Structure formats: C-alpha cells, structure tokens
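Consider the two complexes below, in which chain A is the common component and chain B and chain C are the respective partners.
For the complex of A and B:
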C-alpha cells in the first residue's frame, strides 16, 4: 500500500493513552468545569479520537493482516545466575500486540465506547457525580483496550483485574443505594473467584511452557502470546497444541484449561458464577450497555478464544467448556422468561448469548465465537440503550407498569425492535448469521463428539426462549394503547445525543452479520496460513431452518400471550406456579451463595475471632498469671530455713546430674550427627 | 580530615536531628520536618549512587557505601562499627525515609507534648535505619532495642484508653523475642569462630556450620524475628498495640517495625543459616499458611477499622514469610517488594483509620456509614488503600504478590492455592468495609464533620502517589532489589 497502513500498528498504544488522558483530565478537573457535562464532552471527544485510531488500525489489519508486537516497557525483571527455574532470569513486559482478532475487538470496544459516552451526555444529565462517572468510564476503556492489545498473559490478567474494578465502581455508581453497594461488592467477589483460577492457570501455562521454551527455560517474556514463536504452536492440524506436546503434559494442561475456563466463567457470567450479572443492573443503563453487555463480559470469551488459538485446549477441557456454555444458554434464558424488570431481561439474555460464544469456542471454533461476540456487542448495546431511553422517559424499569409506549416513543420502539429481531435470530438481522453459525458448526462436530449432543440441544431450545422473552418484553413495553400504570409520566423520544447512538447501533444490528462476508473485513477472521478461516453461515441448512423455526415459534408465543397490551397472568393454582417461583428466585442460587458463601464464611471468622481472643491470647494471659504466681512462690522460697535450702541444694544437684548423664549425651549425639 | 560515608552521615543527621527535636520546644515540628527532608535527600542520593555489589574475592558479600571501624578489640571478642547496604536493605532505607516524612507531616499539628512526640518519632526511624544498615551483630542489636523504647512510650503516653496494657504487652512480647534473638546471634557468632561480629567476617564460617547447629540457631532467630512479623500464634500483641497506639505510632509500627522482623530473618537467618532454613521450611510453610489464613479470617470479623487493618497485616506478612521460605531468587525479590508495598499501603490505611476516628469520633464500621458525600477525599484515600491492599493491578502490592505467588508456585506447586484462595477473603473484608463505611445511606456522621485537614491530605496524597508510581513501574524498585548478593546467590 502506498500509505503503509500497517505502520499504524506502532500507534496502537495511543488508544489506551487517549482514554488515560480523558481519565486524568476529567477525574482531576471535571468537577471544576463550569458545567457538569463539559467533562462528558471532553471524554466524548477523546473517545472519538481513540475510535478513529482504533478503526484505522483495524483497517490496516484488513489491508495487510499481520501479527505485530512491540515492547512498551519492562515491567519487572530478575537476574539469572544459571541455576533454578529461571537460569537466565525472568522478564515481564508490558507490550502491545496487534493482530486480526485484537483489531476486531478494538472496533467493538472503541465504537461502542464512543457511542455509549455520547449517549451518556443526554442520559445522565440529571445525575450528580458526573465527573466521577466519565472518569471511571474512561478508565474502564483504558483497561479494556489495554486488555485487547495485551501481548502476554500477565498483562492480560492485569487489565482483566482493572476492568473488574472499574465495573465495581460503576455498578456502585449510585452508592447511596444499599442495593447498588451490595451488588458492586457481589460482582467483585464472584468474579474474583474466577480471577484466582485464572491466575493459577497463568502460572501453570508459564511453568509448562518454561520447560519447552528456548534455552531450556524462558529467558525473556515468559507469558508472551507470540504466535509462531514456540514450537508447539506450529503444529499440524490447525491451531492449538501439538499432539506430542499435549500427551506429554495432558493432565497439567487440563487443569490449566479448567482454570482459564473458571476465569472466563467469572467474567462472562457463566454458570455457576453467573449470579452477579443480573444484580449488576444496579448501575446506570449506559454502564450495563458498555460493560455488562458489549465489552467486559465478552472479555471472558475473548480469553477463551485467545487461549484456544495460541495455546489450545485438551479434549476434557473442550467438553467442560461446551458443557458450561451450552448449559448456560438455556439456564439463563429460562430466568429471563419471567422477569418483570426490563434491564434484567436483557441481562439474562446477555448471560445466555455469552453461553453461545463459549459453546462455540469450546467446540473448537474460536473465530465463530468471536463472530457472535462481534454481532452481539452491537445488538445488545442497542437493546440496553433503547431500554435506557425508556427508563429515562418513564422513570421505571417495571415492564408491567409500561405499555403503549410505541405511540409516544416510536423511534425508541423501532430501535428496540431491531435489537430484538437481531437477538432472536430472525434473518437478515445480524444475530441470525452468527447464532446460526455457532449452531451449525457445533452440529457439525456432533458426529465425532457425541458428548456434545445434550448441550447442542439445550442451545437450540434456548433459541425459542430467547425469541419469546425478548418479544414478551417488547410487547409489554411498547404495544397497547396506554401505560398500565396511569402514574407514569408522559413519555417522549430522547434527545439527539441519545438518538444518534441508537441509530448507529441499529445500523450495525442489521448489517454486522454480513460484514465478515466482505473480503476485506473477513480478513479479521483469518489468522494466517496455518489457521484456516472459518466458514460462515448456512453450512448446514437443516440447523438453519430448525433454529429459524424455533425463533419464529418463540415470537408467535409472545405475540399470542402479550401483544396489544394483554397481560398473561398464570393462574394461581396452575401446576406451573412452583416453576415460575423457582425462576423468579433464580433457582435460589443467590440465596444459596449468600447463606453458604457469606454467612458461612462470616460465621467461621467469628469462631476464629473467639479462638484468637480466648484460646491464643488467653494462653498468653494465662502464662502471664502463672509467672505472677510463680514469682510469688519463689519469693516464699526465701524462707530462711536451713532445711529448705538444703533440700534445694540436693534437688538441684540431682537435676544437674540427670542432665549431664542423660540429656547431655543425647544432645551431643545429635550434634555429631 | 576524616572522610565519612553517606551512611554514617545519614546516621549522624538522624542522631543530631533527634536530639535537636527533643530540645526544640514548640519549633520541634519544623526541626523534625527539616531533618526528615534532609534524610530523604540523603536516601535519594544513595538510590542514584547505588551500584551492583557482589561477592568479594573470598566469597564474602560486598556492600555499597560500606564502612567499618574497630570498636571493641579484645583477643577473644571483636566488635566493629560496620554499615553498608545492598539491594535487600536499600528499599527499607527508602521506606524509612518515606514513612518518616509522611508521619511527620500527618501529625504536624500534634498538640500533646509535640517536642517529645517528634523526638520519639525520629528516634524510631533512627533505630529502624540503624537496623537496616548495620552489619555487626551488637550494633544491629542496639538499634533493634532502640526502636522498642520510643514505640513503648508512643503507645503508653499518646495512646488510647487501654494504652498501658497495650504498651506493656508490646514491650514484653517483643523483648522476650529480642532476648531469644540475641542469644541465637551470639551462638551464631561463637560457634562459627568468626574473627569478629561483622557480618562480612561471619558470612563464610556461619554458612559452613553443621546442619544441626544451623537448625537450632535458625529456630531461635525465627522465633526472635517472627514475633515482630508477627507470626501466628505469637501475634496477639499486634491488634492490641495498634488499637491503642496513636495514628503516627500505628503507621510506624505497621510500616517499619514489622519489616524489621522480615529484614532480620532474611539478613541474619536466610543468609547466614541457609541450611537451617531449608531444613525448617516445612515449619515455615505451616506457619506462613496459618498466618495467611488466620489473618484473613480474623479481619473479616472485625468491626474496628484499625483492628481490621492490623489483622490484614498478619495476612500480608504471612505471604512475606512464604516468599522467604521458598528460598529462591524470585522469593527474596517478592518478599522485599511485598514488605515495601505493605509498609506504604498499611501506613496509608492506618492514616485513614486515624482520620476516620477524629472526623467521626469512632472507627466502628458498623455504626459509621456512608461517609463518601461528606468526606470525598478521605473516602478516595480509603478506596485506594483498600484496593492496593487487596492486590489490585497498577497499584504497588500487585507486582509483589504476583511474584510471591509465582515463586511459591515454582517451589511448592498447588500449595499456592492456600494464599490464592485467601485473596478472595481479603477482597471480601475490604469490600465489606467499603460497602459499609463509604457507601450506602449516611449514618453516624456528625453534622459538623468535614473532610481531611491539609496536612493529613498531603501525607496521604504522597503515599497514594507512590502506590500508583511503583504499581505501574515496579522495576524502579526491583532493579534495586536484584542488585544484592542475597538474591543473586539463590537458585
């Protein structure tokens, strides 16, 4: 190319840097600006610049797909002295890596990030603490782009934790609300359980690869994802670990894979670490759209995809990933079916959709998983932002209070409808293409992996539920003549700062599915000669027809039960009531976590506290008293009676003799040995 | 003209400064600030002039800015004045300078007998500095004891309601430990028949002692230094001392005094009696795990902010012990880095506890709730401290804990799960504290409560800046730590 597009990779560090700049400016000076939203405009402008850089880098990757790494700085290094595990020392670096998939993620993060910030100007204008809000969002985007551009597992983990803490602060943005403070804590602790597994996985990979690295031990950057840099990566049979290597270390690599899965499950809210995501809806809707739908929760999938591409999973791991993903698609969708809260419906749907991505990665189709991640980011952000426009207009999240909003909020209702069509997988909307690809690729593996069958069927059944719950939400909110709650304020469509993001995201929700079919864009899904590009869509007509049929059936069920302002109430004595209660209580998962995890551990700590005070410290205080008593006795020994002294002298002599004759030789014997 | 080195010069600065502060009356705080600044400059000079000391021709380690002079010279006993630093001790010297200036600034408006307060404060730092640079047994021990006395008075005079009890408990505990330590050090010196008490002379003969001797001597040293750590089950003095100590005392206690134990164990235990350490490592691991678990669980049940931070120190120092016990190059790096990190972070958290106490009249996290709208700056400091302490990346503890766990994994594999799982509990109690004290509806907050006074804000701001700086660029410290015979000599 004339302009040398690939050269732009060297500027990749600018993306997180622009967000840092925004964080510092808004965080330090945001509250001194004349009006609160000025800080927001600073963030929007800088995020816009970051988006331009990010998209240009992605275009560069489309023109000239390559893997490019650079060391930004040495984070920590030790000196090797020729012995031990690190004979040449250990070097941990912070670097940037630009390759097709990080470019793909860069598009998602910078574009959705910019749109959400722009939307926030209108959405958040009545809130206090705006400087804090924009600073925290900027910090989040820093960490998220840092994660996407990470060139080694350590750096990945570092930014992974940082996005987690930003999520913590933003969930707890309305910190005066006890429920928000509690949800933030819950999110942090549950994901930390996953993070710890992730860290152990990092250690294991590090250890295993240190054994095979150059020089018999890794001299440099031990955690690098350098594609092609290690012998096991250039194995025949596509990406992943070579069979030889796999067999030699299969047990420990299986453990590592499970640990990575644990980390991904925590971040991407997969069963059984899914509990935090619905509660995370305590944060502002914009935060839910950016962090808890499009980017951070997808980081778990990205981690699995990166691990799958650069390292590979063992068959046991693959089955575990498929099982978790497949089960979660269905499990989360069932809970969405009964939710009265518009945001929580979408939250459960996010968990369910992330399950599809995990399923695809587990079945060996990392790029298909990322394909669904790509489309999902846009239509899910759209759904959240449209829901945000509704919440903004009517001041409530309760679907049963809404109704008839389609008349007063035509623009929003259409945006939500596009998102819903895309989510349920109705062609030609984006979600159809990627979901169909996931299902047909997994279907293709069933011949060789019959154990995947139940999880494939669960994922297929979830297609029906998805269409049902999202159209139930749409009908409840927008169809009918007037709101069911007459106290709801008169609703109107949002201002332009909120409409523009909705419009752009609607566009993506329509076309994102076919973008990979464009030759240039498709290069982002192509990882080079040794990794075959995945086929997209319609690879199995049967699966496509069945899933489309299921989606249609879900839509029709929702239409029959909920359209035109109808509310379908389950009869009191219906045998389905217990099921409904079970779903409303989220299978009692949260209650169980609270009882076991929180109360149980707290009880243990109370017991420990008692032991500390009365047993450990008590022993010491007892000793103190004993010494006091002893010294009293000793004082009484000075009795002045000759006979007493004589007894002491004889007794002392005997003791000395005993010591010299018995203890002494024993000690000397030890000494000699 | 007698040429003296930078270390002696710094010692003289602190001795003269301490004396001057005691007699400076109402100007004591300015004198103390001046002395702290001068000392900081000296330490900065040391940092930039510091260079790679390795082993000498005879296998003895070499030290930067090394100075020695005979002090007692008998036919059977030679005691030297000997000072020097290497990569292991220099971070602690830096920590001393940082905490000294931070504490002086934080307590700048001390009303109760300020001359004595600032004098004792400087004396504590002088003692700690002396411990970190001394390379002679007796000199080391004198400085070691010199730290004890001012801390005893700081707790006993400026402390809380039960200050007499706490001060005595602190003194007796650490004094018993000191005696055992001294006996062990003497045993070390006499059994090894070294030409003098100087570390450099002791090095080779001490390391070649019989294994059994090393085991017994190391055990004594471990007890002596371990009580300072503190290790479970000899830890109960710590929460009492912290709760009753004034804020400045707590900062130095957690930031410096605990580090004396860790430093001593590395310098005199690990370096001189390595076989003792290797043979006792199962015991060390067991105690480290016990401290990690016990500290984390006990923190969870505390409602006094200061007790919570105190117990979390036991948890963190347990990780330090673990990193020492793995006996590797990386382990030493992690241990020193973690002690430096903990020194700064716990100092910040104790300052937070102090400010909470005198802003709201209580440190009870159950009754003081939702303070953020009233005191946003204090609240931000609390968040940074808590997040740093629970090991958030980009803050100082993360590189330290990460390397500690990596070193542990390298040596004992899946046992690393013990400290890793406890990280969840650590996150739990800090987040719980934040949820209650910082967030939620405001309760137990007096109407006239106002945000941090300027001196306190400056002191905490300094620590926060360092937490972020070293968190992003840990190599600023690790490049120093690796320049030590200790770290280099290990596998």
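For the complex of A and C:
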C-alpha cells in the first residue's frame, strides 16, 4: 500500500482545520448567502468531511492497534543561554497525538457534531442569527477536536478554554432573554473556577517533572504527553521517575491531582461546581445535545483519564475523585426526580452519568470511564435531540403540559424510549454494558479500598433513580390520550433532517455498548499493559443482576406512578414534602452561591473599599497634612527682619563652633578615636 | 619665636573687636550703625591676617597673609558701598532707616 493507515495519522490536523474553514466561511459570509440555512449546509458538508477523516483515523487505529503518532509543530521556542532554569531554552509545541483514546474521542465528537449540525437545519430554521449559530458551533467543534488531539497539557488547556468560551456564546445564543444571558455568564464563571485550578495543576506538574525532576523529562519536551502512555508516576515509565523522587514530592503531586480534579469538576459539572449545567439548558437544545451532553462536559472526564494515563494520581487523589464522582451520581439524580422541565431532567441525568465516568477513572479504570463516555455521548445526545423534537413541536418544555404525544409523534417517542432504556441500563441497550463495567470494576476494588464502599453504594442507588426519572419524563410526555394543556399546538413528527440524526443516534444507543466487543473496535480501548481495558462483559454477575434489578424497579415505580397519563401528586401533608421542596430548590446550592456572591463577596469588597479609603488613602492624606503643617510652621522663620537673620547667622556660627570645638572631640574621645 | 604675651594680646584684641561687632549687629536698629558694626567685625579678621603674616616662616607666605588683608579691606569697602546705597534707597522708600520697621524680604 502506498499510503498506509498510519500515514493518515500525520494529517489529523485536517479535522480541526475543516471546522475552522467552516467557521470562517459561515462566520464571515454566512449572512450574505441567499437563505439563512445555506450557511448551515456549508457547516454540515464540512463537518461531514471532518467526520470522514476522523472515522478513517479511528479505523486506522483499529487496523494498527496501539499506534501512537505524535506530530509536533513548534509554537514558541526560547533560546537558552546555557545557564538558568532552561539552559537549552524552552520549547512550547502545538501538535496532534493520535492514539487509541483520541481516535475514540474523534469518533464521538465528529459523528455527534455532524448529526447535531444536520439536526439544526430543521430545528433552528425559525431562528434569527443562524450564521452566528453555525459559526460558533463550528468553532466549538474546532476547539473540541483540537482538545482531543492535543499532545501536551498546555495545548489541552488552550482548547479547553476555547470550548468554554464557545459554550458561553451558545448558552447565551438567545441573548435577548435575560435568563439566557445570566445562564451563560454563570456557566462561564463557575467553570472558570475549575479552569484556574486546572492551570495551577499544570504548573505544579511542570514544576515537579521539569524543574526539579531527575532528568528533566518535560523541560525538553514542553508539556508533551509521554508516548506509549507510561504514567509519569509509575516507576518504570519512559521518564524513569524513581519511587524515591515520588515520595519526596507526594504532597505537591496530591495537590496537583486535586487541582486537575477541580478543573474536571468545573467542566464536567461535578459537585460542587455542578450548578451551571442545568441553567445551561437556556441555550438551544442542539447545543445542549452536542456541548452539554456528548462532548464538552465529557472533556473533564477526558482530562482525568488523560492525566491518569500519562501522569497518574496519588492514592489520596484517587479517593477524592471516587468520592466526587460517586456522590455526584446520586446527588444529581435526586434533583432530576422532581424536575418539571424535560431538558433539565436530562441535564441532571448528564451530571449524574458524568459522575459514573469520574468514579471509574478515580478507581483506576480510565478506559472504563471512557467506555461509558462513548456510549453516553450517543444515548444522551439522542435523548436531547428527541426532547428537542418535542419542544420544537409543542413549543414548551413543561412536562406537565405535555402528555399523549406518543400518538402524534410516534417516531420521536420511540427514539426517546430507546434513549431512556439505554440510559437506565436495560440490556441489551448501550448504557447497560458500560454502566455495568463501571459498577463491576469499582466493586472489584472494594476489597483493597474499603473507603470506596459508600460511593459505590451511592452509584448503585443512582441506578434506581436514573430509571425512575427518565421513565417519569417519558410517561409524562408521551403516554396518555391527549396533552394536559389543551392550548398546546397539535404535535407532529419532525422533518427528515431531524429524523436522520435521531435514527442514527438510536442505532448507536442500541449497539454502541456492544461495538467494542468487535475485536477491531475493541482495539480503541487497548493502551497496553499500563492501562487496564474494560472487561466487556458480565465480569461480576452479582453486580449486573443487582443493577439490572434496580433499573427495573425504577422503571416499575415510574410505571405505577406516571403511566397512561396519570400524574402522581405528592400529598400536601406528606412527610416527603420538605424533601421535594429541597430537591426543587436544588439543595439551595444556587441560592447559596448567589448569597455568597451578593453578601460574601460584596462584604469583602466593602471591607477592601474601607481599607482603601481609610488605611491607604488615609496614610497618604495624613502624611500630606503632617508635612503641610510642618511647612507652615517652618515658613514663619522667614520673617523678613534683617535682625532676625543676623541672629540666625550668629547663632549658627556659635552652634558650629560649639560642635567643632567641644561636642565633636568629646564624641570622638568616647569612640576611642 | 613668637612672643606668647604679644600673641595673646593681639588675639584678645581681635576677639574683642569681633564680639563688639557682633554685639552691634545684633542690637543696633539703625542701618548705618549696623554697617559700622559689620566693619568692626570684619576688621577683627583683617587684624588676624596681618598679625600672623608678621610671623610667617618665609617672605612669600608673609605676602599671602598681607594680600589677603588687602583683599578683605577692598571687599569691606565694596560691601559698605552697596550697604550705603541700600540705606539711601530705603530712606527714600520708607523715610526711615530703622531696620526693625522693614520686613519686605519676607515672601
């Protein structure tokens, strides 16, 4: 073969480049095209091309398993002067690293990106500002593919910020709506907290590995990931970091790991930085499907996975990651249970599912986490797009206004059902396989890590809640005879541009779980001996049976309470009423953050203002006044009277004589001169 | 070789002249008397120059002392000339040469 599969890996930059092209064309000329959706078609075609390249690269990784192709371009090169911290200068690189996991992520991002763009043609056709919409989505896809292809942490961080700002733009797409503008700001600020932590983590790693490390692995290489995936923290790794060295720096490495976790928690909406994701539903549903379900929020999990594969976490970090992930699965699922808004139910579900991935990565199974990321991307995008079809048809997001839509929107209802089955983990749908692997692998570590027990149990309990809330949403929207709100417009299934993505995603939501069972596809999860691949299968029958039983129980509970158009109202006097209020108010987290901002930070600002006015300004004004007074007194000496001056002259002369003749010799005598 | 008693006498004379001059400077209100007091104080210094020049170890050094005395006398003369000019101007402006009454030098 003249042009081998591996050669394609060097052209991985084409994927982001195609999206950039789309961004430039649609962004600059989109509004001059004859019709608004023509810009959308440009974006769809270019995204289709990018998808072809992305999938071909992934196929190449399947054909040549565990190939690592790092194509580096020097971005910044400082010349060293032979001494100092960097005697040979420092090289910062931009590059593309094609390895099994980036190939896997490329499939997710390019396929879901293409389908969402196609779906947007139908979904967004009534909106204004379409050129802006498609340009921003293209920019997002550029950044996201650049992120998954990044071959060093600095580049990772740059694209990480870029996806963050695209998320900000797109949440605030309906910027005339104050709630959308405020949600965009909230998302940006909350993730910014995590981003700062991420950057600090990168700095600490660079400090430890490059500046004080035994052989300057990173100093020579910028921030580049180790080829072959040897974790820095594993003694036999490519950089030969010794155990002695690690023990000497274990505290600072733990801090760095916590910082990385903070960055991931911000992006992946993990407790306690989860507040922004439900509010991000103010953006168009397509944006929720692509950015806030399938790709960007998964970037946090990807960061954790990449860090654990290339750098490694200390045991304390692992426990913290497991705790955050395990707690978030349950915590977010409880809030989804009472939501009246169809998109917010799915948003909480996303937070909860991301928790499973974080849990798996924390327990040491990065590939299992990515497996769940892979399946989740498809069935969650499907759920969002199906919900989008419903919202598009009835013009409302309120589940309690809907009902009976299954009759008029049979296609959509089946698509949503497939997504729901997959999400709740009913075999043979995709979600079952990956969630089962997460739970069984974590269960397997409980013997050596008993501290993981509570978080495993929380994750298990979340399985029940997941099945309950998603079927509650399904029954509320689709079952029954007619909509509960008679003013709802007559619903109909969406046009073909929206049906095709639903169809394809439904297919993925069914088979994505078993795709890795194909030997070729399974290669994408094989990174060699250092990183354990998912077991793919009922590795622990007990966990499988229990989780399936819990999912079934959740479904049955939802069936009893909500099926056939029934609406279960919690009795007014029920003791569960306060809990319901607590959940509806999202555990008062948002109110708490608002209070922190309005009271805490405002108080802090007022204190700072007081210090500025009275301490800093006061010092300067006081000095000024003191010198002013002194000068006022000093100028009185200048009386204009010649006799006074004569007195000063004579007095000065006498004082000088006194000093030279008496005081001076006396002092010199005292000093022994 | 100097006569210690003669030295003490001369230094006492010049010190007395200086103190008399300073006393006059500090106490006189009349501008002309003030100028005379300054002259007396200056002449104390001139006397010192001349006296010590007489005991100089060589002729050139003796000449140095004497010429310094001549320079100081010339300086005193010019100073008196300026001073008397100020007296005339002050008398014309204020009609008085009492220095305690004029404080125009103040800013």
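One rule holds in what follows: the second predicted complex is superposed on the first by the 556 of 673 C-alpha atoms of A that agree within 3 Å, B and C clash if a C-alpha of one lies under 4 Å from a C-alpha of the other, contacts with A are read in each partner's own complex, and residues count from 1 in each chain.
Just so it is clear, a contact is a pair of C-beta atoms (placed from the backbone, for glycine too) under 8 Å apart; a residue touches a chain by one contact, two chains touch by 3 or more.
Since we're looking at a predicted model, the values are computed, not measured.
Shared-chain residue A:650: touches chain C; no touch with chain B.
Contacts of A:378 after superposition: neither chain B nor chain C is touched.
By the touch criterion stated above, A:455 is placed in contact with neither chain B nor chain C. For chain A, the partner that touches more of its residues is B, with chain B and chain C as the two candidates. Legend: residue contacts after superposition of the two complexes on their common chain; A:13 is shown touching neither chain B nor chain C. In the superposed pair of complexes, A:196 makes contact with chain B only, with no contact to chain C.
Of the two partner chains placed by the overlay, neither chain B nor chain C lies in contact with A:331. Chain A uses no single residue to touch chain B in one structure and chain C in the other.
The touching residues of chain B, when paired with chain A in their complex, are 210, 212-213, 232-233, 235-236, 294, 297-302, 328-330, 333, 370, 372-373, 387, 392-394, 398-399, 402-403, 405-406, 409-410, 416-417, 420-421, 423-425, 427-428, 431-432, 434-435, 438-442, 473-475, 478-479, 482, 487-491.
Touching chain A in their complex are the following residues of chain C: 22, 25-26, 29, 34, 99-100, 102-107. Chain A meets chain C in the complex at residues 635, 638-643, 646-647, 650. Across the complex, chain A meets chain B through its residues 73-79, 81, 83-86, 90, 154, 157-159, 161-162, 165, 168, 172, 175-178, 180-182, 184-185, 188-189, 192-193, 196, 199-200, 203, 206-207, 601-602, 604-606, 608-609, 612, 616-617, 620, 670-671, 673.
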